[in-house]
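One structure, pasted below without further comment.
Note that the chains are named A, B and C in the order they appear, and that numbering of residues resets to 1 at the start of each chain.
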Amino acid sequence: MAQQEPSAIERFINGILPENPVYRQLLGMCPVLAVTNAMKPAMTMAAATAFVLICANIMISLIRGLLKPHLRILIFTLTIATFVTIADKVLAAYMYQMSKQLGPYVPLIIVNCLIISRCEICSSKQGVGVAIADAIGMSLGFALALASIATVREVLGFGTWFGLRILPEAWPNWGIMALPPGAFLTLGILLGIAEWVSSMKKQKA
Amino acid sequence: METISNLILLFISAALINNFVLHYFVGICPFLGVSRKVDTAFGMGCAVTFVISIAAFLSWTFTYYILRPAAPLPTWVWQAAGGDAAVQVDLGVLSYIVYIFVIASSVQFVEMYVRKFFPPLYKSFGVYLPLITTNCAILFACLEIMKHLQDPTKLWGLHEALTLAIGGGVGFTIAIVLMAGIRTELDLCDVPKPLKGAGIALIVAGILAMAFMGFAGVDKGLAIAISSSAQ
Amino acid sequence: MSGTSKGNYITQAWLVIFLAVLYGGGLAAVQIALSGKIAENKRNETYSVIPSLIDGAIKENTVETLVTGLNGKDIRIYEACGGSGARLGWIIPTGGQGFADRIEVLIAVNADVSTIAGIYVLDQKETPGLGDYITGQDFRSRFAGKPTGKKLVVVKSDPTADNEIRALTGATISSESVSGIVNDAIANLKEPILNLPAKSGASASS
């Protein structure tokens, strides 16, 4: 092998900021925009995605020696769809209101490119330990991205954070932030800021 | 008459008011990725509309006969095998797996069919077909159809499922073509460096979404217009 | 090494088949463990609001009935019953076009379908900050006690007649949508409900 595969710790750290799935790789944009009008649904979504990502990564890593190249994607899809169904049923059983609010976006985790790309890039090549570290790192990075957007949108849109009021009652709620355009504008501007910060760092270095 | 007006409203709602891209955020990846030139964007939109209709047809058939609660086929098998008739058979837990395979196989099928019988068409949008499997818009349409096949007192028919799917596909095409048109113009503009690429595309999408919010209420007005002209 | 046995699909695909069986088993276990709870959650969504709509109704005593509306379609309605099992009213789940997308509403009426006891909005996508106030107690209480004999009319000032509903400020269309949904459901179901056979079981014995 010409190139050294990254170690567990590198994988873990990469996932959080340097290769952040949302800000750096632009993966999984659909939930990032759809469920971030408040912190609660955003964090539930992040947890569900993390569950599926970690389980799928472990499973694929365990059977990586048996994978045939042409059946690879089929097996990835089967694994992801199964874990998503489990996550969806558990949400419906224990957090019914939240599951109703998230609606179709829980099953849409199946086509979240983040998970299939981690299966392809990491867990189908490396051991279980590395795969777990990678999945946790990526999930944290994804949760961080969701949290940053949801914070902006919930604070400006409702004056609250996790349902707790933090801006004075006099704050005029920016209704647009809770609506679809607010999602696009917030993510666009945050992407710009992330890009600007990393270019400043490069200049200094 | 009522059916036709319902279908018109469903179509308008799926294509404009609750636009798949700008309201439900599904299909964002190709929306940001393939929206550089108007004609490629249009090709992608046509391909998605085509696949979404086929996937909707298949997923409606599967859901109606097999996957919905108390669906005819598994109930028949259950009772033929001597199962208790009072027990409601529900295979809903398999829905997501079935849908994702329906989508993957219909993409494969469409690709082979178009390549064999319509080579010019294949040339114009065939290259986008494999990308569509992971397009959330198609799975989203299947899920919406599933949602309307749960309550046995108000089941959707095939015509409603197909209207939703085609409306969604047309809405996706409208959004992606508009976006491509704006982005070709944007290339000539002086965009701040950090916003170049995805950043400015998202902000433009935000403004487009705001414009599409103006369609809210069109369905209500149309419903009133249709019902008053029918009287 | 493994690709040499051409055409032997079983050796090629044994992993897929094995995984399919494994996942199938897992999903079946999840389904058996959780389906009861999910069904209960779904039922509870309607049942838990019944006591707040009809005074004295007890959630556990609710009875589901299928009724055929004047438009020929079957609708599942709920019969709200008190502690002794006596019929206190009916809950009609219905819905219709709102300003944006469908509005799903529960309408509570008293036992002889003469007055509206209250309404509850289950699902809506009206404009946040304007139309979505239809879910609020303030707006919903404007329907309580209205007679079902006349069609409800939405007005922009304080109501002067007993069939008038005051519109929400800036959301007249959403308000009209809700009152229209209520009017349609009552017009469609009032007679069929009154024609339902007298209650058997609990009330007959009480």
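Everything that follows uses one rule, which is that a contact is a pair of C-beta atoms (placed from the backbone, for glycine too) under 8 Å apart; a residue touches a chain by one contact, two chains touch by 3 or more.
What you see is a predicted model, and the numbers here were worked out from it, not measured in a lab.
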- prompt: Taking chains as nodes and touches as edges, what kind of graph is this: line, ring, star, complete or other?
  reply: complete
Message: Please identify the chain with the largest separation between its CA centroid and the CA centroid of chain A.
response: C
Message: With centres defined from CA atoms, tell me which chain sits nearest the overall protein centre.
response: B
- request: Count the C-beta pairs in contact for A-C and for A-B, then report the pair with the higher count.
  value: A-B
Mean-CA-position distance for chain C and chain B (Å): 27
- line: Chain-centre distance (mean CA atoms) for chain A and chain C, in whole Å, is 34
- request: Please work out the Cα centroid separation of chain A and chain B, and write it as a whole number of Å.
  value: 23
- prompt: So which bits of chain C are touching at least two other chains?
  reply: 23, 27, 30-31, 35, 127
Where chain B touches two or more other chains, by residue: 93-94, 97
Task: Would you mind listing the residues of chain A that make contact with two or more other chains?
output: 78, 82, 85, 89, 179
- request: Please name which positions on chain B make contact with chain C in the complex.
  value: 9, 13, 17-18, 90, 93-94, 97, 153-154, 216-217, 219-220, 223
Statement: Within their complex, chain A touches chain C through residues 63, 66-68, 71, 74-75, 78-79, 82, 85-86, 89-90, 92-94, 96, 173, 175, 178-179
Complex interface listing, chain B residues touching chain A: 22-29, 32, 93-97, 100-101, 104, 134-136, 139-140, 143-144, 147, 192-195, 198-203, 205-207, 209-210, 213
Task: Using the touch definition up top, name the residues of chain C that touch chain A in the complex.
output: 2-3, 12-13, 15-16, 19-20, 23, 26-27, 30-31, 34-35, 37-38, 41-42, 44-45, 127-129
Chain A to chain B touching residues, read off their complex: 26, 29-30, 33-34, 77-78, 81-82, 84-85, 88-89, 104, 107-108, 110-111, 113, 116, 176, 179-185, 187-189, 191-193, 195-196, 199
